[in-house]
Every structure is written in structure tokens, then in C-alpha cells.
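Naming follows writing order (A, B, C, D, E and F), and every chain is counted from residue 1.
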Amino acid sequence: MDSLKIILSFTLLVSLSSATSVVDFCVADFRFPVTPAGYPCKNTANLTVNDFVFSSLGVPGNTSNIFNLGVVPAFDVTFPALNGLGLSMVRLDLGVGGVVPIHSHRASELILVIEGTIIAGFIGSDNTPYYKTLNKGDIMIFPASLLHFQVNTGNSPATAFVSLNSASPGFQTTTFALAANDLPTDVIQQITLLDATQVKKLKTVFGGTN
Amino acid sequence: MDSLKIILSFTLLVSLSSATSVVDFCVADFRFPVTPAGYPCKNTANLTVNDFVFSSLGVPGNTSNIFNLGVVPAFDVTFPALNGLGLSMVRLDLGVGGVVPIHSHRASELILVIEGTIIAGFIGSDNTPYYKTLNKGDIMIFPASLLHFQVNTGNSPATAFVSLNSASPGFQTTTFALAANDLPTDVIQQITLLDATQVKKLKTVFGGTN
Amino acid sequence: MDSLKIILSFTLLVSLSSATSVVDFCVADFRFPVTPAGYPCKNTANLTVNDFVFSSLGVPGNTSNIFNLGVVPAFDVTFPALNGLGLSMVRLDLGVGGVVPIHSHRASELILVIEGTIIAGFIGSDNTPYYKTLNKGDIMIFPASLLHFQVNTGNSPATAFVSLNSASPGFQTTTFALAANDLPTDVIQQITLLDATQVKKLKTVFGGTN
Amino acid sequence: MDSLKIILSFTLLVSLSSATSVVDFCVADFRFPVTPAGYPCKNTANLTVNDFVFSSLGVPGNTSNIFNLGVVPAFDVTFPALNGLGLSMVRLDLGVGGVVPIHSHRASELILVIEGTIIAGFIGSDNTPYYKTLNKGDIMIFPASLLHFQVNTGNSPATAFVSLNSASPGFQTTTFALAANDLPTDVIQQITLLDATQVKKLKTVFGGTN
Amino acid sequence: MDSLKIILSFTLLVSLSSATSVVDFCVADFRFPVTPAGYPCKNTANLTVNDFVFSSLGVPGNTSNIFNLGVVPAFDVTFPALNGLGLSMVRLDLGVGGVVPIHSHRASELILVIEGTIIAGFIGSDNTPYYKTLNKGDIMIFPASLLHFQVNTGNSPATAFVSLNSASPGFQTTTFALAANDLPTDVIQQITLLDATQVKKLKTVFGGTN
Amino acid sequence: MDSLKIILSFTLLVSLSSATSVVDFCVADFRFPVTPAGYPCKNTANLTVNDFVFSSLGVPGNTSNIFNLGVVPAFDVTFPALNGLGLSMVRLDLGVGGVVPIHSHRASELILVIEGTIIAGFIGSDNTPYYKTLNKGDIMIFPASLLHFQVNTGNSPATAFVSLNSASPGFQTTTFALAANDLPTDVIQQITLLDATQVKKLKTVFGGTN
């Protein structure tokens, strides 16, 4: 019977048109340099479902640090299937009193509290602060580029997951940005109005020089 | 002393420039019609932090339906602060054997399994299926516009949260789209190659006519 | 006379600034991997007008298949000048009773009927179907990501051209996506509510297994 | 029986989530001012399939003018369903010797020749012209913003359809832009190097003054 | 003679198609609420060239403030023709020792030094600082969302103009964002590691409370 | 003491997440072909602040040409740090009577007059001209894709800087596009309605043939 052949020829036709399916997704190929739109794509013939699944968020991040904060990121560089798809996720574990220090990034962020009690807030470009205590199951939106923070104010550890609409959000943590490098203390003073002793103290904490 | 006045005059200046902060975020004002870019924005003077927090995802959705599925969406229409910010979230509760039927939407999606065991998968435009059993803590990416599904294959209820990079992703569930309306049975037959009896059976289940 | 020299020097200047003209267009160079924004560009020095013209749409596609449908695509992979320019075109030839089965893609589509009578329709994400008989000269818009279809309901062959606002729209034909692969029959049943016999029948038609 | 109720409750749930379907499409509501992203959307409850179909392209445009050219546009202002969807179409009828004068627009354009023989071309930003004789069934791509033109060089009328990836492409026809207004002749001379007599002659033809 | 009529009829035709020219530009109409894509557009019939020209940047900003800094912004709210066009400009006048304190915004920025000597710098999201002394005629690029600053290090006043690729860039000045509001001192301490005395000192300078 | 180790481990964590900082900026690496989104990025490890500063705009362009115009562009090809960041700048020096001939580009443009008196204008797609005399300190916006021009009408040299919201705007100067190539004179006549003698005269001036 000819119908099988017919179907096959149609399938070939469809395959031709769906050869464009290489851009359905674009698992990052790190052998090539990144572009402004992300990394070039791996050949789809070499992909399996495992490329699209990431399991590291199931384990808490290490909180043995000054902020009592564990961070496990699923960004393009750790989960290459996110490349080009405009989404990423981060697991946050905050010990009692743990802090996500004030920071910003070019993507917007939705936080989902899974466990514990967290004060979360952001600051508008007119300097208005919006902050509130979030409980398990609450979500809060942090608009792109605005400074924001989270603090575990409960008396037990807290866990949250944040989603961001970029595969590479570009986190910039304010105090790290100021103090974890060799930017001269007198320049930092001028551009922040912080006292020199305060700046030097931060540099000591964050490992900066000058 | 004059420095206070000086500061105030500077603050006024900065306030002028930051009057543009109305587009830092854009809480939807449903009194006006939506535009291709989302709803017009509420006056920022009337906003509080409560506009940016949404608590309905803390409670499981009702699973008393044919798919044993509870869905609680945080989209622009339910959580207006998402308007214009390109992110949304949905809580999924699946009873034992519960199913998120095959569907697609214009946004990409990241699923995070919070509880239980779920088979999740998507199908590329070259008809290749990518599916796998996900456990607690696993995340999986579903690229924009491609058909995908989730099934609770464990022997206890499952809960997951999905993030999408649109405030209004436009879910289209395939079998609903075919059978929950008055599209004539003979047309559905032609465009799907389903048998007429199968189409009529689906129409009965989903409340369609013709 | 000096004016020629002056002009030449000016032309050089303009050439420098217009060296950026490499992104006026970007004929795909398939020797490099695709990126999320499309293929890298061929050197413009090697291009001629023939790179920008495509003649395969002048000939009907082969309709000897189960859908009585001929498809000739002009996508980036077949017409590389489309790369990066956000447009593509497809010629559709439908024999009497011919069908473009229900499908979706990430781009929006405009159909233009050149010959014959076609029932065309799409289904909104609220499951509302919009369908109508189109005649020669009619155009209809199918919004991005929504399921849609076309059927030749006349008693002579029909021809149409569709334009899409992507160089690589990512066609996903619903029944192919379900049945032309090894997705297990019981999973398909669960996620579609189709009967097992119907699923197996489709798998036989479309060459799927399991 | 309870299953119907169950289905209905599920349908309500889905309806809620799909209330966002207002942005599946956005038929322009001209009672409100346009925005940078297009017109606000009509209430979907008032739409029928007729909003998505446009029939004026079936009739040739009037060619009784100096360019022997008929133009029938399907833009957002004439076919409001295109609003927000990033596509439009124009029918071109060219009498023998008919001309689409040199012009540009912010969208890219694909021309499809339906009847006749047309010389079509565009000019790169490095001043390289790309032009060729197109025959029935040929398509050619004109990259966004670059000057281009079409001339019927056959000895019978020609018809073509052009697709553009904007609902409102913003055609600017060069000679009209220069001469169909009151821009002073001496300024036009300076910015084009045309002779004053030539400028005045064009102004007479196109109805300009000064 | 008939050619004039012919031309007029063609002009009408072109006018119809160019009715879409309302989105060539979109001078903000502040009587309507802003949308995520900017303000609705004024009727073009009421516009003159004066809507597209802005003269306030010709005059230095007032530098009588704690930063010895004059700022004159040309944003959509002050120069409504910028609305929807993705560009803005700011004039900066820095007295001797004048400072643009560290800040960020969602747009990228190009600075052009017109007079004087300025140290300018930005900090990457990996905390690397990039800073340099700029002289008259130098330009420097500050990538979107990254912290950056400028300081007049010369012994005469300095003037610069910055261009940004947004009509509403959303400036957020770090120290203002922290201290010019009622965010509690203990929260600020936790999220910055600043000392309480330092925080209170900043609040005094910037007019914050708590 | 252990706190340093703790900080270091945290820093490593942050470094991992900020490995995505490669897309904070993307200095063009010209060893690879350009893509539709710009050039691939240089390794950030090899960058210094000098990559982000450009000094050629401090020197006037050479005005010894038929338009008495000096042009110094800062585009991605001359200032590679602009790649991917959506901004560029050009210095214009106009001798007495100097002219920026009528042209267009895909980006919008803001002109800033630094010295002298300039008539500047653009033409809407409905053929309305908007032009005005600009003085020192004035800025004017030219919307993307529309024809525009500048003429020094004062009795001393003029200098201006233009900003554009693309790293590669794609300048197309109308008379060059028509006459600085081998497009046949009779075709140019047809598509512009210019006289043959005028076309040939322009070709002589701009170095075209045919």
C-alpha cells in the first residue's frame, strides 16, 4: 500500500519546515563566545531530556558566611538549557537572622516563600520603600533594576525560590560592589557620603583594598 | 543653616527626574482597556506594598475535577502588580494520578517540584518528545509555544510552582480548545484525523456542542 | 580638479560609518551554530541580489499525502536572507478536501487566498473558535501561539500564501506532535483524554510507536 | 451525575486563568488614543470572526495616477485586527510601465509576484544596489529601513502582494517627502544637491509649494 | 488637465496608508495614564516643530547643593516628544569637586565631556571597577543597570551631557535610596553592613527618618 | 580567624552566579562574524577601562568635501564597547553653509548643538516637514526611519553631537543611495521622477555610473 510512503514523504516535508526547530530552544554551547543575545546553541541531535532538567535546587545552599545565606543559582552558566529562553531561578536558604543583602539586577524577580518568615522590600526610583513581612506561600514582585532585599526575621530557618525573567540576570550586590575591590576609599566617600572609617571597615569585611 | 535648603532643592530636582519612576512598575488599572503592552498604570500615589504581594498561592487549588488538578494562577488579572513586568506564577496541586493536560502558551515556563513525583515533558517542533520523572527540588524548562504536560505518577499528592516570563501567558489546553466549543465535529475530524465517535465523546466530556 | 578627491574622501568617511551596514541584513552562514537571535551573517562582500530572491514558491507543493496538502516553506533554512529580518512565507496547495491540520507556532500569520475556497479558523485561549469561509483575495490573521487550521471546502484545488513575522516560526502540528513519536500511549491518554484505541490508530497513521 | 459539575468548576477555573486571553489579540479600538505599542483593545466579548478577515485586497487598486500604480493597504487603521500583532499586507497593481516609487519604512518587507514581470531592488546603507527582474511566484526580501522600489517592466499589468512585519509600517516615499510639502526649495537644493529647476518641477508634480 | 486630479487621488491613497504615521512618533498626552510602553500619543494634527525641540539643556543646572551638582533632565515628562522613541538626555554641571553620586538605571548611558576633567567609572556585576579620568571630548559607555559615578577632579567647573536609550531611564541613586526615606535603621544595617551611626548620619543628611 | 574563609567562600558563590556578568556588556570581538544581535563578546578577563572610553570625538572631522561637513562616528565598528548596548554617538562639524544631507537610519536620534546655528528638520510619513533653527544648547529628536537633515545657516562654523539608540544605526544618505552606484539612469528616473540630465549630473558628483 502507498499510504505509508505518502506519510513518509509528508513527514520529510514537515521535517524540512521544522528544521527551524533549532530555535525552539538553544542549549548553550560554551565552546563558542557569548553574544549579546546569549550563547550559540548546541546541535539538537546531541540533546536529551536531561539537558532540560536541573536538580541542584533540591539541596540547601551553604549558609556558613557572614550573611547566614545560602544561594543556589540556576542561570544559563549552570543550567545551559535556560540560554535564550528568558527565565532563571535561584534557591535562597536563610538561617535565623539570615540576609540577602541589598542588590539589583536587570531582570524582574518573583519571590516565593516556601518556609519561614521573611521581611522583603524594594525601593522605587523616587526613594519610596515598599517592604512587608512575607509568610509561607506568599509571593512578591521586585521590578527590574530596583534595589531590593530579604531578611529572615523569624526564629527558624527560611527557604525561598526566586524566578527572574532573564537567563542571566546580572546580580549586583551594593556593598560588595562598593567594597570588594580596589576602588579608592576617597572616591567611595565622595560618591556615597560614607565616612572613610566606614568605607575601610567594609573593605576589610569584603576583602577590598585601597 | 543653608545646607538643608540645599538638600531640599536637590531633592526636588531629583524628584523631577524621577517622576519617570511611574514606569519602574505599572500596577494594572482595570478601568481602562488593555493595550498590546498591557494595562495602563495606576497612579503610584495610591499604591502600598500590599499591591506588590499576593497570598493566594499559599492555599492548594481545588482538585475536585476530571483531571484531579488544582490550579491557582498569579497573572496580571489576579495580581495586577505583574502588569508590564513580564513574569507570572501558577501553583499546581495534583492528586494521585492528577494531570496537567497537554497545553501551550506564548511564554516559556520553569516548573519547580515542591512535593511528590511528576512525569513532565514537552514536544519539540520536530515532534521529538522530551520527558522525565521529576522529584522534589527538580526544575525543568518548557520552551515557549511548545506543547507540554505534567502527570503525578507517585502514590501521594504532588505540588509544583511554575514561573512564566509573561504577566499573561495565554494558556491553551489542547483538548479543551478542540472540544469545549461548537467547532463542528466533521471539521475537527478533518484537522485532527480523530474519529467522529472520539470527537463526540470529548465534546460530551468538555461541554462542547455540534 | 580637486572635487573628485574631496568626494572620494567623503565617500570613505561614509563607508566607515556604513561599515555597520553588515546588520542592514544578515544572510545566514550555516557554517556557524545558530544563536538565540538567528545565524551569524555571511560576509556582505560575497553577496549578490540572488541571495535576496527565492523562486521555489512559484511551483505547487506535492499534495500526494494523507492531507492532500502541498507545503513549500521559505524559512531561514531554505531562504537564508530571511535570517534576522523577522519574516517568512509558505505556499500552501490544497487538493479538493485538502487540509492544513490544526497547528500553532510562535509567530503571527496572515493568510492570503489566491485560488479556491477555504474554511480557516483559530481558537482563542478561552476556547472560543473563530472560523469562516475565505474566498480568493481574502486575508485572515491568526494570532501568535493559537491553534489554527485551513480546509479546502470548494470543489477545485485551492492555493494560499501565508506570511509569518519570524524567519523561523516553529510549526507544531498537534496530531503529529502527539502521535509521530514514541510518547507512551497511556501518557497520551492521560494528557488528552483520548481513548487508547484512538491513540494507537493515530500512531499507526503518523508512524509513532509505543 | 457529578462529573458535569466537576467539569464546569474546572472550566471556570480555566476561564479565570484565560481571562488574560485579551492579549491573545487586540482588535484596535479607535475611540482611544494610540500608544507607542498600538491602539487599546476592543472588548473581546464584542468580536466575531469578521473582525479577523479583510476582503479589500481581492479588488485591484485604482491605477489612474502618475505612477500607474494601485495600492490597497491592510494596515491597523484599515484592518484593526492587525493591531499589536506585528504584521500587515499591501496589494500592488502596476499597469504597463507602472512604478512603486523609491521609498522606505521601519518594517522589513517580503514581496510576492502574482502576475507579470517586475524589476525590484533595494539599496544597502553602503550604497550598493541589489536589483533583479522578478517573475510570477518569485519572492524578494527588502530589509527594514532601506530604500527600495518596484517597476513593471513587462508588457502586461502586474500584481504583487507585500507582507510587512509591523501593523503600521510607516511608508515614506522619497520624492513625495521632498516635494509634496512646503519645504523651501533652497533647503531642498542644499540637502539633496538637486538643481532648483528640478526641485520646482517636482513640487509642481507633487503639489508642493515654496 | 487631469494629471492634477490623478495626483491628488494618489495622494489621498497614500495619506490613507500613511494614517499609520501616528506611530512615527508619539508626543506624550499626559491627560491619559501611562502604559508599560509609555504614554498615549497626542493627536498629530495639533503638533508643531516646537514639540520636537527642547531648549532647557542650554542653561547650567543649579549646583548649590551638597554634591555641587547641577542636573537638567530631558526625559519624557519634561520633553514629551521623547515618549516611545527610546532616547533621553541629561545635562550635568559639576562645580569644582562636584559629584554625581553612585547610581544605576535600566538604560545604558553614554557620557560626553564638554568641559573640564572628570573621573568616571562603573562596577561590573563581578565587582570589578572600571574607572578613568575623562577629558574634554571623551565619551564613555555605562552598561544598563550597573552602578556608576562621576567626580569633577579638575580645578575648574565641568560640564557633560549623557544620552540614555530610554525616554524614562529610572535613575536610582544608591545613598538616596537607602537614606532618604523611613526604611528602619536596623534593616539598613542588616542589608548593607553599615554601622548604625553611619546610617543615622546619612538619614540626617538626606532627610530620612527611623 | 574563620570569618575571612567564610567571606571567601561566599565570594566564590557570588562569583559563580555573576559569571553571567559576561552579558553586563559585550565588547565586540571582530574575529567572529556578526549576528543579528551584534558581534560575539571578547573575554572579559582581557578588558580594561580603556575598552569603554573613546577619544576620537574630541577632534573635529575633516570638512574638506562637497558638503563642508565633518563626521566622526562612534559606532560598534569604531568603539567596540557599544556592541549590544544600543547606543552610539556621532560628532558633526559643519563649516559655514555646511550640510548634513537628507538621510535616514533605523535608530532614533537626538541632536545637541554645541556651537553655531543650524536649521534641522525631519519629514513625517504623511509628508509633513518639521524644521526649525536650533541654537547652542538646543536638542531636537528625529524619530527612527524618517528622513531628516541639518544645515549650518549661521556665519560661523557649527558643531553638534548626535546620539542614536543603536550601536549600528545604518545611515542611508538619500542622494548617495541614488547616485553613488551603478543603478541605471532610466530606472532612477522612473522611481524618482527626476529628469535624466539631473540624474546624470548627480552621478557625476557622487561617482556613480550608468
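Quick note on the criterion: contacts are C-beta pairs under 8 Å (C-beta built on N, C-alpha and C of every residue); 3 or more make two chains touch, one makes a residue touch a chain.
Chain labels with UniProt names: A, B, C, D, E, F = Germin-like protein.
If you're wondering where the values come from, they're calculated on a predicted model, not measured in any experiment.
Visitor: Just how many steps, at minimum, does a route from subunit B to subunit E need if it may pass only between touching chains?
Guide: Between subunit B and subunit E, the shortest chain-hopping route counts 1.
Visitor: Kindly point out which of B-E, A-F or A-E repeats the B-C interface, defined as over half of the contact pairs being the same residue numbers.
Guide: Equivalent contacts to B-C are found in A-E.
Visitor: Look at all chain centres (mean of CA atoms) and spot the one farthest from the centre of subunit F.
Guide: Chain B.
Visitor: When the C-alpha atoms of subunit C and subunit F are each averaged to a single point, how far apart are the two points in Å?
Guide: It comes to 34 Å between the two C-alpha centres.
Visitor: Please work out the Cα centroid separation of subunit A and subunit D, and write it as a whole number of Å.
Guide: From the centre of subunit A to the centre of subunit D is 41 Å.
Visitor: With chain centres taken as the means of their Cα atoms, state the distance from subunit A to subunit B in Å.
Guide: So the centre of subunit A lies 20 Å away from the centre of subunit B.
Visitor: When you check subunit A against every other chain, which residues touch at least two of them?
Guide: Within subunit A, residues 14, 18-21, 24, 32, 35-38, 66, 121, 125, 127, 131, 144-146, 170-171, 176, 180, 205 contact more than one other chain.
Visitor: Determine which chains touch and list them pairwise.
Guide: Applying the touch rule to all chain pairs gives A-B, A-C, A-E, A-F, B-C, B-D, B-E, C-D, C-F, D-E, D-F, E-F.
Visitor: What residues of subunit C sit close enough to touch subunit D in their complex?
Guide: Listed in rising order, the residues are 14-15, 18-21, 24-25, 44, 47-50, 52-55, 57-59, 74, 79, 81-82, 85-89, 108-110, 112, 114, 121-122, 124-127, 130-132, 134-141, 143-146, 161, 163-165.
Visitor: Per the contact definition, I'd like the list of subunit D residues that touch subunit E in the complex.
Guide: Spelled out, the residues of subunit D in touch with subunit E are 32-38, 61-62, 64-67, 69, 71, 73, 75-78, 90, 167-171, 173, 176, 180, 205-207.
Visitor: Using the touch definition up top, name the residues of subunit B that touch subunit C in the complex.
Guide: These residues of subunit B touch subunit C: 66, 97, 99-102, 104-106, 119, 121, 123, 125, 127-129, 131, 144-147, 149, 151, 170-172, 174-178, 180-183, 187, 190-195, 198, 201-202, 205.
Visitor: So in the complex, the part of subunit C that touches subunit F is made up of which residues?
Guide: Those in contact with subunit F are residues 3-4, 6-11, 13-14, 16-24, 26, 29, 32, 35-43, 83-84.
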